[in-house]
Structure formats: structure tokens, C-alpha cells
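Naming follows writing order (A, B, C and D), and every chain is counted from residue 1.
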């Protein structure tokens, strides 16, 4: 039991926060820098959401993982270090939040390495990576392996950790999913047009609690993704708190940082490496 | 009563699973083969969803029908045979999941026959067909009849089986509907853009249970369509289990494979053949 | 009290059914005639939905109003007369379901008059009109007045009947609203792309019951619009039945045909005519 | 405590109504002036919604703030003065409801000043401004300061008031948010295409009540935005009433006009001015 990736827990919960700030909107078009309301909507994330999230985690005594684009760390000196000082993990979330699948060849590597340089200059130790917009290419996990990172968290091929082998080595994949992402529930912007109807935190809490229970049944990784500019709003914070308290009360859910579960997964003899590659053409 | 298509049950439930895997996305554009996250999202269907669904059906002792594109059967040897070995039906779901309504003339036939060849080579006996994307043309049921299949399940002209007569013979139609499809409730992809808000399984269970009750009242065919890459997720599996258990507890719902209800419908003297044809121009 | 449009009821409920059949899709593009699944989805309305609705109304002993495009009445001889024989009103819903706002000048009149000719040939007495897609132009109520109809039901300027005066005479407007329309809740088609998420009848029933209660408070016209191809589905029929039964149990809701409430409104001294006209330019 | 912006209340609630009438649709395209149904849908706001809202506020004895485009005030003489006479605040909501972010350079100033002229001519004292569509540019708060207004309410950088310093002076920002706006919940138009699914007031009431409770916890500004053409509908009015009554029953929520909370915020020593400016390029 103790050799397994989950350390004997029914479900392992990784609370992750993608601190995108202005990047997803600016990556959509540089002109949005002039849209003051929209920029303030995004700045709310690091300015109001992150402190509120850090306070909640303190209060609950739980560690979390913050995926930060290099540009955000650069523009807000002290943000990444401040997160680490509170006991959390900061991880690689691209430099610019431009999508790997929409970049010209070679650009993904440059963007990837530029973020590593930012974190290195700030003394932030990086163990893992998450592709911008969860839009990895097949080169993404190679880059992760080549740069000696332990894990990636961008793919959706399972709901438990799995191992990806590439020429550059083996990487632990901590899979994500759209249904455990606050973006599809809460995000709304008229321009660039983002989102559909804004859901109530009551619905989101119910949906995520149901998934947590089902993941306890199936013994999965509950890899939750929240964005401080979305989940940092008051009633959404209350829903997040209730979700976590629900998990704590179950007694069989382990809350850890991504790097902690990745370390266990890397040496779990039951997890076999998969080789990931593009499918055959449909012809 | 025993001569009727429903064998005396208040409602007949056909649990169907469309094992699309990567096909709907690749049919949208070959470039998506390079989108590693999206491809992993689709591969989850056969890799994780199907085994989980087969285990649930085993546990409940119920048979189901799996509609599989020929390309998927080809790319994953053993998938179709493995489903049949567990007591379920495998049925024809096109070769490529390209939509008949968007194909150039003659292409629909070629795609249709190529899938039959794949299943024939794998020793899978095919009794029925469902058009990719539920986008049949008027030629579709002719193709089904011409190739000696018993039924089609792509039209929406009723909520009970009906007979379609064509020059090539008579086919049983097992109608589908968007409201009994997990796609509209759960599917989300940013690119290709698919879906709107992701619904909670709590809502979906409630909606489908309400429809099952109403179909018991109206004595209909509860022809449910789930996709393993969507419904295979933990809490959605729990909702599917609860829906089935609810049906079993009613005592008047019969759970059968599509070919079983089609065989009964084919000889039900109360079902009259309809001739299907395009409407007159609006002029 | 007895002189008022509502005859003393807290709310007046007009159950209306827009029997569009294939027209909204064909108006979108003639090529859709080849889309067999989509055409069957639309044909379900007159073929399955209308008989089921008529049976429900019989059982509850209530009259309703069916807005039928001329093309639909023409293609399905006996449909309109059959509705009238069951005690309901058939009203004018354009000939082709093409939107007045998207028609070239002069076409709206031709389409309007062609429908009147169809109904006249079938011996159907027409008292009122509803614009296709609720997309009236400023000429629409003039056409209604000029042809001697009593009422229109396409505008949204109030939630009680109002009078519209034009050069051709005065027309009673029975206003509609998107929130009392089943289309926004239930409609889904991939191509032409229609709808977003498909809602549960449980939600729709709750929303409409809440509106009925509020309309009893504010003493309004509960002018409900359902489409047989949507609401004809089993669980939606059950929701409609529950809504009506809820209204009947209140004891202060009057269920009438559109022409009945229009006749009362036309002579209610409290209703003042409004002149409707385009707004000034925004400049 | 008494020096603080919230005057000791747990949450401060500003009920605001954006009386847009036809402007958002006409700003989308002048051709929509010919769409009679859509124009009536918008006119419902000032014609039916505003009187109903004023009656509710009277009954509850609460003050509110109405943001009115200059064009609307001009087209409906007496509307703005009538609102002020009932004890409410009328504030600046652009002249034309064209979005500042989509205007050519210089046009924002002209539109801004034209609205001030309209209100000046009508004797309406203006203390604050809200950008059309919540699409402010960085010049917007400069314009607000330059014209001596006390506050702006268009940005989303916090959920408490904050101070914005510009060369022209300091402005109080009363931030808004998409989740406290009735538009994303209720708006639906087919053309111009607006909205997705129409939500039930039951959901909206639950969501806003949850946010009010969370804002009481975090001590925020509950700055609610409703549109009379949307919220003026019967069941939505009932939901608004229930929300307000819920807040009143809490005993620690203060309901005030925007100018009242802005006056307190302007002299709260705990609020520090922020300089707002475009972010650095993503490079």
C-alpha cells in the first residue's frame, strides 16, 4: 500500500491554481491591453484572488500548487516567492500563455525555456509543467523530460497518474479534465468572447463533490484547477472551502502538492510507462 | 402482448455507447492529430471509459450495444471482439465518423462499406447501423437495407421503433434524440470548439430519470446514447449506474441490445412501414 | 371587472403551439431537405407531438391556439382542420417561416397573403397572426390590421395585451417573450447550429411556474409558446401537464384561446392604443 | 468604524439599474431599428420595467441608482427626472451605449460630454459614470476625473471600492462584475445574437444570495446590476424582491445609492489610491 502513488488514500486531491492574470487575453490579441475593464478583471487574480486563496489554505493547513506563466512572475516580482514562502509549490505554466498548438515550430521551446529562466532568476525551484490552455503538442512532454522536470499536468488520457516515456526520459503525467476546471463554469467575457452562462457556485460545488466521491470510489487523482481571477470571487471561495472541508471530513482523501504525488507515482511499480504519439491518419 | 415490439414492458431501454475515440475530432481537421491534449481526451474513451463501462454492465448483469467506427476497430485490434466476448453487441458507426450530410456523392457508400469490411475481417457480426453525428442522408437507410442489416438508429421521427421501407427492403428504425445523448450535457473542447457549459451529472441523472418515467407512461423506446470519453469519467459513471438501478427498480423496464428490440419490432404487426423522403421545397 | 381583458382572473393563460415542422430549418437553407435526421427531428412535431398535445388538452378539457405556417398546412392536409375539430384555434404563422426582418421589400406581404389563401382554401377561419421567429417589422401589424385580423402575437412591449393603432385600424397585441418559449430551453441541432445546452424539464417547469405565480401577482397574460417537435417529447409533455395542473389548482387562472382574450381586450376601456414606430436614430 | 467606506456594515449593497432601452441593439447596427419585435423587447425596459422597479423600491423604502444613456434620457423626456423625484440617483451611462473600446480616438470624449449636456439640460445632477458594456478604456477614468465626477463603476479590479488617481484627480471606483449582472443570466436575442440559455430566477436568486452572504463574510461591495428590460419581467422582479428582503433580514447589509458609498470611500483613510495603466506587452 505504501508503495502506491496514492499512499493508501482513496483519492488524492491536488488543489491547483493557474495564475494566468492578463496573459490569456493578451495572447488573444495585443490590442486588449487597451481594454481597461478587461485588464482589471484579469488583474483581480493576482491582486485579490491569490491573497484570499493563500489565507484560506493557511486556515485549512493545506498545501497547493500554483501554475504561473513566466510573464506573470516577471511582471509581479515577489508573487512567486511569496507563494513558495507560504509552503506551496510554484510550477511552470509557459512564459506567455500562448498555446503550444498554435505556435510556429520552435516557438514552443523558446517560450518554455524563457519561463524556466524567469523562475531560475527568482530562485524558484520548478518540478512540473502545465501547458497553456491545456493545449500540449507531442513535443511538450519531451521538453518536460529534457529539462529534467518530474511531471507534466496537461493531458487527459486517464484519471490517475501515468508515466510517459520519451527519448529524453520518463515523465509523470498528472492528468487534468475540463470538468474539474473552474473556467468552463465561471468564465465570462464579451470580448474576446469567453464562456457561456455563468454558473452558480452551488452547482459547481455539487458537481465537484459528486466527482470527488466518485473518484474515491474509483481511486483517482482529483486534480482540481482554479483560476484566482475566477475562483477568487467571494461566493466561489466559499464553495471551494466547502468542497475542501467535505474532502477532509471523508478521512480518506489526501491533499498534496503536485510534486509530492508525482514523486510517489514515479516509483510506483504498478504504473507502467506509456508512449504517447499522434494517432494514425483517418485516411 | 408478446407479439409487440416491447414484449410487454412499459419502456424498453437500449443502453448504447458510441466509441468514437479520436474520430470526431480528426474528421473535423487532420491537424488535430498534433493536439496531444485533445487526442488524449479522446483516447480516454476506449482506454479508460470502455473497460469501466464493461465492468459496470457485468456487475449489473445487463447487455448493451456499442457503436464503433471502423477506423477505431482497426486502430485498436481486440477492442470490438472484447466487447462481444463480454456479451454485448457491436454495431456499425461509419468508418471515419465523417458526416454523411457533408460527404461528396458516393463517399457515404464507400465509407459505409469500408466499415463493414473491417468488422467482417475481425469476425464481428453486424446487425445495425448508426450514422456519424446522427447526420443521415435519405440514402442512409437504403444502404442499411441493401447490406442486409436489420436496423438503423440515426433518425428522430418518433420515440418508438418504426419501419422504413425502401427499394432495397424494410429496416427497423430505433430512433435517437439529442435529449438522450450525453454529448450535449458533458462535451467540452476549446478547439475544435465543442459544447457550452459542462453540466453536473446530478442534473443529467434527473433529466434522464424524468424521461424514463415519461417513456414508461407513453410506452416508448428509451434509446440512451453515451460516449465512453464523456460518460467514462467517475461521477458520470455513478450517475449512469443510478439511472440504470432506478430503471431496474421500476420492474417494468426491459434492458436489451438494439438487435433484440429490432428483431421484435420487425415482426410486430402493429408497426406499419413508413416511406421516408425529403420534404417538398419551401418554394 | 367583467369588462376587463382578463375577465377577473389573476392571470390569463394562452397555451400556444407553433407547429413549425420543417420550415425553420428549410428557411435556413434549402440544402437541409437532404439532411434526413434533421428532417425527421422536425417532422416529429406534427407526426407525434401534435396528437400527443391534442390528447393532453382533451384530457384536461382546455382550449389552445396552434400557430401554423401555411406551407405546413398545405403539406399536411387535414392537420389544421383536425386541430379545429378538437375545439382549438388555428392561427396564422406566415407561409414559409422566413423571417420578415430578413425578407426583401414586398416579400413579407406576399408571404403573409399566401398563408391566408391556404387557410381560406381549407376553410380555416383565421383571427390572429404571429410573425415567424418573432421577428416582426413595423409593417407587420399594418398587414394584420389591413386583412381584418383581430390580433397579433409577435411583439414584447408589455406583459399584458395592448392595442396597436395603425392607418389600417387597431389590432390587439398579445405579447410574447423569450422566457416563455420552449425553444431557448430545449432546442438543439448541430447543423444549422441551434441552441446551447439542453435543459431539464424539471428546470423549465420550475421557471414557468414561478413566472405564472408572478404573473398572477402582477395580473398579466401568461402567453406560453411551445413547439410540438420540442415539447412533444415525453418528459416535456409531463412538465407541461404539471404546469397546467398547477395553474388549474390556483383557481384564479383562466385558460383561453388567443382569439378569446383578444376579443375581450379589444373592448376593454382601460387599454389605450399605442402607436408603434421605429425609434429615432442613435446618431 | 464610522470613518470606513462601509459605515460599519458587513456588506454595502448598491442596487443599480442600467436603463439601456434600445441603445445596445442600435449600437450593434442601425438596421435593427426596423426590427419591431426586438425594439419592443428593449422598450419594455423604460415602459414597463422601470415603473415596476420604482414601485418595488417605494414599497421597500430603499434608494437605488439608475445608469441612463444620454440618448435614452433625450428620447424619453421626464424619465430621468421622474427617477430622481422618487428619491433615486441618476448616473451617466454614456450617450449612445457605444463601447469605448470600439470607438475611434476622440469619439469617447465626445460621447461622454454629449451625455453630460443632456443631463445638464434636464437639470439632473450627475455624480458618477458607468462605461457602456463595462468596456472602459484607460482614458475613461481620466474623463470622469476631469469632469469632476465623484466615481466610476466600470472596472473589476476588486470587490471593494478603490481609489484611482489620474492627472485630473482621484476617482472612486465602485467595481462591477459579470456574476452580479442580470444580462448573463437572462438576456436572449436571436439577432443580434445575444445570450445562451435563459436561466430561471430561482437559480439567479440562489447565486446572488450566496454571493451576498460571501460578501458579508469578506466585507465587500455588493454592486448589483440589473436591466429593466430583463429584470422587469414578473418572476425576475419577485426574485429581486426576495434577494433584497433577504439582505434586509440579515441586519448587517446597508442599501445605499452609489454616490453615497462613493462619498464615504473618497475620505476613507484606509483606501489607498491605485494608478491604473495598461499592462506591459506580452512580447
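Here are some notes:
Quick note on the criterion: contacts are C-beta pairs under 8 Å (C-beta built on N, C-alpha and C of every residue); 3 or more make two chains touch, one makes a residue touch a chain.
Each chain and its UniProt protein: A, B, C, D = Polysaccharide deacetylase.
Note that the coordinates shown come from a computational prediction; the quantities given were computed from them, not determined experimentally.
In this assembly, the chain whose C-alpha centre lies farthest from chain C is A.
Interface residue usage between chain B and chain C, two copies of one sequence, is largely distinct: under half of the residue numbers at the contact are used by both copies. Annotation: 49 Å between the Cα-based centres of chain B and chain D. Between the CA-based centres of chain C and chain D the separation comes to 35 Å, rounded to the whole angstrom.
Each of residues 196-197, 203 in chain C touches at least two other chains.
Chain A contributes residues 22-23, 26-27, 30, 33-41, 43-44, 47-48, 52, 71, 75, 96-98, 186, 188-191, 196-198, 200-203, 233-239 to its touches with chain D in the complex.
Of all residues in chain C, those touching chain D in their complex are 101, 131, 133-138, 140-141, 154-159, 175, 177-179, 184-185, 196-197, 199, 203, 206-207, 210-211, 213-215, 217-218, 220, 276, 278-283.
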